[in-house]
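Have a look at the structure below before the remarks.
Labels A, B and C are assigned to the chains in the order they are written; within every chain, residues are numbered from 1.
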Amino acid sequence: MVRTLLEVSNLVKYFPIKRGLFSRVVGKVHAVDGISIQVQEGRTLGIVGESGCGKTTAGKTILKLIEPTAGTIRYDGNDITAFSRVQMKRYRQQMQIIFQDPFSSLNPRHTVGAIIAAPLEIHHLVESAEKEDRIAGLLRKVGLSATVMRRYPHEFSGGQRQRIGIARALAVNPRLVVGDEPVSALDVSIQAQILNLMEDLQDELGLTYIMIAHDLSVIRHIADKIAVMYLGKIVEMASRTELYHNPLHPYTRALLSAVPIPDPERERQRIILKGDVPSPINPPTGCRFHPRCPQRFEPCDQMEPETKTLADGHDVACYLY
Amino acid sequence: MFQFIIKRLLQAIPLLIGVSVIGFAMMHLAPGGPLAVYTLNPTITAQDIERIKHVFGLDQPIYIQYLKWATGMFTGNWGNTFFGGRPVLDVILERIPATFLLMGSGMSLAIVIGMLIGILGAVRRYSVFDYLATTGAMVALSFPTFWFGLMAIFIFALKLGLLPSGGMYTLGGEEGVLDLLRHLILPTVVLALVLVAQWSRYTRSSFLEVIHQDYIRTAKSKGLSDFRILFRHAFPNAVAPLIALAGIQLPWLFSGALVTETIFGWPGIGRLFVDSLTMKEYPVLMGMVMLTAAAVIIGNLLADVINALIDPRIRLE
Amino acid sequence: MAQRHPTRNESTCTTELSGDEAQAIPAGAPIHYFESQTRRIWRRFLRHHLAVIGGCVVLLLLSMAMFANLFAPHDPLSLDTQRRFIPPLTNTSFVLGTDEMGRDLLSRLFYGGRISLVVGLTAMFATIVTGLLIGLIAGFYGGRVDNVLMRFTDTMLCFPQVFLLLVLAAFITPTVISIALIIGLTSWMEVARIIRAQIQYIKEQDFIQAAFALGASEFRIMFKELLPNALAPVLVSATLNVANAVLMESYISFLGYGIQPPLASWGNMLTNAQSYFDLAPWLAILPGLMITLTVMSFNFLGDGLRDALDPRLRM
């Protein structure tokens, strides 16, 4: 029986906009507007969407790097939503994050060894005598030689730095790892290497992943279940096979149609959406996607559609269903 | 625009309050307290001191003292001098014109010459002139003002006999404008030295930033003369940070004036400050500290407002 | 398990380099591929000739100050009214002449330099520590704490430094340390601002978020993660601060409220110089020259450091 490691209900994050003489709050950025997800242990949930849809904010809020405005986060059965920094420290060992930008995610003034040693020191995981061995082991596990310990981040390429970032995240033996677009900043061939590495680590260590990305082919490769986000809301969530073979939401269909097919013979039917993504400060009424939806009809601009669970655990929020 | 001014004014008030708190704290930190001249005098008995304390209201709780003192400051009642019992405000006010004259001419000279040098340096970057100007500015910043003054007196007054060595007017002579100007030259130049250096550096860097912008290149390609480009296109855009500089320089202007006045025997508030130090005239000292700080706050406020008038981007921040 | 993506270099799991880099460097060779940042900074610095000269002069002055007792031919305090006002370069025993009390000027310049530089360096230290703490705390915590600290900083900036120093100097007993401290504690505002700006910028970088994610304490993040990245402007500030401190000391000592005679500092050597202009102008010229030289060297050094550490940093 696979347990649910992470359960998020109606997570909301608003950022206030301050203006004026006394920094009055004049508006809110609706970054994340009520998302609910469940992640089973050992599996990978992919969150996909365009820039500005709130997926990065969602990832950071789940880890409590950003304080949620509303909603609940249950990790391994425990409600951590309101936990203080001190209370979270224990859980930090179990939940880690890998960042998108390999160039700013490592402290330029620390050696690689110091960077990886930091989590070990913070949680007192090893005796000082064993520290170096532990670091060497971690480096080897991510495919780097132990000698890189004494070098500085700027001496390495983007792919290598992501490996270092992964090693740092693994140092605390986490169970849940959030990957915030971990390969977006890398060259395509390196992307493949890093993704393969992450998959191997998942098999070896039984890790649970939440992968955030905007690249559908990346998500397709690595995720078991996929959530599609648009303007702070999840519009569709399904298993990988279901989503790619049977996309229901018009937005998902448009996204999938945009993925290039490496076969010059086959023609794509591209669904091109009109207009730009609206601002999260003033989201549209009703279904957020309705201004751009090619299949819009009567109820779409009135009220937000409920998320319905169809057969095979396929969730979708759309009046078409 | 109006909202901007209000906003700045509101920001200035806590500064004024903060300055008054620090000033008050300083006064009470003085050894012997605000009545040092009495308490340190062995001939005055303890009872006398108690009596004096009561008269001056110093036996009341400290926040009451502060409030009384602060309201006094606002209403112009700055107490009386220890020796002679004259109102402190009067004592200070009668010296202010001389100092403002000196500060004003020093600043004007510095702005004019500093900006000229800066602009020339920016326009002819990396030329011999630029290199000399930049290095010269650094050197000028390193001179102790008082020493420069001493050297100036030595050369121009003593050795060459061209200019008077001190004072505002020739003793015993009629106090004509020409005489004043003769006496004003050396102190002004000495005071302006450091300011010129700062102005030239800031002007240069500000102009360099502006000159490389695309709109200047457009103006040039339109065939406008260099002169016109400089003064109609570059100057208004480069001048904003410089106005801010004027505000920032104010504290330094006061400091420099103090030192210059001491060297040249110029009868301004700087000289008054040093004399009051000798005589431990705390009321006068405090009054001047507060005055200079308030002048700095107001000066910066003015600079910000002028800046906002000239540069619409600042207003809309 | 889905098919693995084909990768260009299948054996990457154990090699250090991947892709292009592997072809450029033979296995096992040392990798000095990227020039060390320090070396680059050093090279940039060396290009500023004036800064280099300034640096050498600074070193010279510092050794002069440290070993004043070795360099000085006489005891700076020994006076002899028989030999007042000997002009410089006329007497082999008193190379730079004597002052109004018959003391050897050269020796006084050495020892005075020691005092002035000690005051300058100590004041710089006090300034840097204070400015760092305030800037770090204000930048890291932001919000109300930042507001209060910055208001305080702005308030302190309203006071002309010389006025403030003189008032404070009149309150305390003027020893070398106390003078250095009051100079230091009235000069930290710029440093605090610079540090705060740096911290605010660095705080947004992912590696700080990573430190939070790892559960690091605020203390650790401030001092182990943020601070090392903010040190470059500190170095520049420190150098320029010594220059300012030496200048300030000379101002207040000249006016009689700084270092007290008979202890010599370059500033107080000039206190009475004005009165002896006719008899002995060199008494006024030489100490001031030394002050100017010192301040100038530190200024040039600081300027060169600023350009070397970050060429984009405008004045």
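Everything below uses one rule, namely that contacts are C-beta pairs under 8 Å (C-beta built on N, C-alpha and C of every residue); 3 or more make two chains touch, one makes a residue touch a chain.
All values derive from a computational prediction rather than experimental measurement.
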Which of A-C and B-C has more C-beta contact pairs: B-C
Most central chain, Cα average position: C
Distance between the centres, which are taken as Cα means, of subunit B and subunit A, whole angstrom: 57
Rounded Å distance, subunit B centre to subunit C centre (Cα mean): 25
Mean-CA-position distance for subunit C and subunit A (Å): 46
Multi-chain contact residues (two or more partners), subunit C: none
Complex interface listing, subunit A residues touching subunit C: 60, 63, 65, 88-89, 92-93, 95-97, 99-101, 104-110, 118-119, 122-123, 143-145, 147-148, 154-155, 157, 159-160, 165, 168, 172, 187, 189-190, 192-193, 195-197, 199, 221
Subunit C - residues contacting subunit B, complex: 50, 151-152, 154-164, 166-168, 170-171, 243, 247, 250-251, 254-255, 257, 267, 270, 273-274, 277-278, 281, 284-285, 288, 291-292, 295-296, 299-300, 303, 314-315
Touching residues on subunit B, where the partner in the complex is subunit C: 14-15, 18-19, 22, 26, 29-31, 135, 138-139, 141-147, 150-151, 153-154, 158, 201-202, 205, 209, 251-255, 258-259, 262-263, 273-274, 277, 280, 285, 288-289, 292-294, 296-297
Residue ranges of subunit C in contact with subunit A within the complex: 1-2, 4-9, 12-19, 21, 31, 33-34, 37, 205-207, 209-217, 220, 224-225, 228-229
